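Consider the two complexes below, in which subunit A is the common component and subunit B and subunit C are the respective partners.
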Partner chain A sequence: MSNENLAIFQIILNNLDIVFFIFLFFLGLVSGSIAENNHYKSIKKREEEFINIPVVNSGDFIDETREIENIYFVSGSCVVALDYFKMFFAAIKQIFGGRIESYETLIDRGRREAILRLKEKAMKKNVDIIINLRIETSSIGQNAGQKGGIGSVEVFAYATAISYRK
Partner chain B sequence: MIITNIPLVPGKQIVEHYGLVSGSTVRAKHIGRDIMASLKNIIGGELKGYTELLNEARKEALDRMVEQAEKLGANAIINVRFSTSSVAQGAAELYAYGTAVKVE
Partner chain C sequence: MKYIPKIPDGDVNKPKTSILREFIFILFVLFLFIFIIYICLGFVVDILVEKVPSDIEEIIGYSYIKNFEGKRLTKKEIKLQKFLDELVSFTDMKNRKFKVRILETENVNALAMPGGNIIVFSGLFKKINSENQLAYVLSHELGHFAHRDHLRAIGRGLILSFISIVLFGADNFYNKTMSKSLIGIQLKYTREQEKKADLFAVDLLNKKYKNVSGITDLLEKFGKYEQVPKSLTFFVTHPHYTDRIKIIQQYIKNNNYKITKEKSLDPIYKKN
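Presenting the complex of A and B:
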């Protein structure tokens, strides 16, 4: 190995933390955006599949003229986490303020996924309508709420599902 | 046991109220899941381990609530609500509460 190569190697070794950060940054950027695209595709596909089940967040959408066969309690949840790229991007954005879109899409994905899981469970039971849907969001994880901590958010959706006698 | 999160049981008449029933559980995640989760933090996206853990925990809280209602002689729980709070680092409390009633 020549002296020049050795010197470069030395520099990398001395700044291993920075190298590691850059590596994580790009890993987060590439795999994070691939994962997000794939997730959105699957969300859109499944949302179209379940479009024929009405979901309301009011409790009084029951058809009184039809006889009720079964009442179920259905729920769905999803925990989503930030990646290094999103955190870095958000940290820059926080200097100027304004919308942090990288966080918005993350929570949007979690919420839609939770509702889809709820619908999937309801579909298996052959329900006709889902009423009184409630969504609860809470931040969990060991660093939740701490400064500089990696946040993960749990979205929990629950509702009452009703099937009418055919 | 009929569970609803609306203040009535559709198609049925409430004949008796038994008051508030609740169930709770405090869960900590184990190290294996924590390592996997922190690895996943690099990429972002869903943390399946945590989703599973919280689902299990919430089911247990619900089961405890149902158990309490059964002891009172109720056959339905209405107006069920959930709440989540982090008690300590790495531990979360899941709480479910509702009103136990008898329906006909």
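Presenting the complex of A and C:
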């Protein structure tokens, strides 16, 4: 190896953490956006599929002329991971304040996915209406920017499902 | 009430603009912000550095030379100390006390530490062929003391850590990454100092020997030892050696300094 290459190698070695960070940053940027786009496509497709099950938070929608056959507790949960790009973006945005767009899509995806899973479960039970939908969100692992690295968000959706006697 | 199934229009929770574009913009603003603070606080450091009393400098300096504490001076070090004192007598710093110690390592370097301490790496003696060249290395370090660069460097280092800790909190991954990238700017500052120290050394050599022989040869030798490509000089403290040689040659020419015969080096320095 020539002296010049050796010097380049040495500089890279001395700054290995920066090199590694840049790699993770771009990995997050590319893989994160691919995953996000695919997830949104799948969410939209399934939302159309399950559109016919009403999810309401008012008892007014219950058809009182029909007899209720079963009442179920239905739930769906989803965990979405952060990537280095989202995390770094959030860390810098926190200095200036304002919307953290990278987290907004993350939470949006999580909530919609959890509701879809809840609906999927309800579909299997042939329910007619879902009432009282509640959503809980919690973070798993470390928060962004804290020592220990990457975190993820868990979204849990639960509701009451009703099926009428046919 | 009747339920009409319908998908709402658009993804309201999805940002309309590109996150990457916004990221680039805020990163730019952040760097601008840090840069302005760094420059402002840098001026404060420059003013304060001139006012640091030498006894406080001694206290700061003590932590750097703790490793040498209790170790007796070797013959080589005694000889080198005498030579250094002789060089100091040609400067305006006659009233200050400078101490030189030799660190046994293969590395080729010399460091100016606070408190008038100079540390010479033993690997350096393998590269030096004449007394003039040794004088140049020591004079270069004395140049740092004359310009108080060692204190400036510490002061600016502290500013960088301060900015980074305020922004990202202590013991943070970003903190490390951020300060490392900011050090790029910090090194640029020291490259300016290195240039000044080089010229100080040229002047000092001329005062002592009435000629400035051996300097460019020594730098060429260093250049071969540590050949960092010119494009990568942003990452190192000293300017690229070809630039250093050019600047020194120009300076020698402008001042009509002579280049004659070099004085031979005392064989004690070559002994292990």
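Going forward, the second predicted complex is superposed on the first by the 153 of 166 C-alpha atoms of A that agree within 3 Å, B and C clash if a C-alpha of one lies under 4 Å from a C-alpha of the other, contacts with A are read in each partner's own complex, and residues count from 1 in each chain.
Note that a residue touches a chain if its C-beta (ideal position, glycine included) is under 8 Å from a C-beta of that chain, and two chains touch if they have at least 3 such contacts.
All of these numbers come straight from a predicted model, not from anything done at the bench.
By the touch criterion stated above, A:Ile68 is placed in contact with subunit B alone, subunit C being left untouched.
Contacts of A:Leu29 after superposition on the shared chain: subunit C is touched, whereas subunit B is not. In the superposition on chain A, A:Val79 contacts subunit B only, with no contact to subunit C.
Contacts of A:Phe156 after superposition: subunit B is touched, whereas subunit C is not reached. Under the contact criterion defined above, the residues of subunit A that touch both subunit B in one complex and subunit C in the other are 60, 85.
By the touch criterion given at the top, residues 2-11, 34, 37-38, 40-48, 50-51, 54-55, 58, 80-86, 89-90, 92 of subunit B touch subunit A in their complex. Those residues of subunit A whose C-beta lies close enough to touch subunit B in the complex are 24, 27-28, 31-32, 35-36, 39, 59-60, 62, 67-68, 71, 73, 75, 77-86, 106, 109-110, 113, 131-132, 134, 136, 138-142, 144, 150, 152, 154, 156, 158-160, 162.
By the touch rule above, subunit C contacts subunit A in their complex via residues 1, 3, 5-7, 11, 13-15, 19-20, 22-23, 26-27, 29-30, 167-169, 171-174, 176-177, 180-181, 224, 226-229, 232, 235-236. Touching subunit C in their complex are the following residues of subunit A: 3-4, 6-8, 11, 15, 17-18, 21, 29, 40, 44, 47-48, 51-52, 54, 56, 58, 60-61, 85, 88-89, 91-93, 95-96, 99, 101-102, 104-105, 107-108, 129, 145-147, 149.
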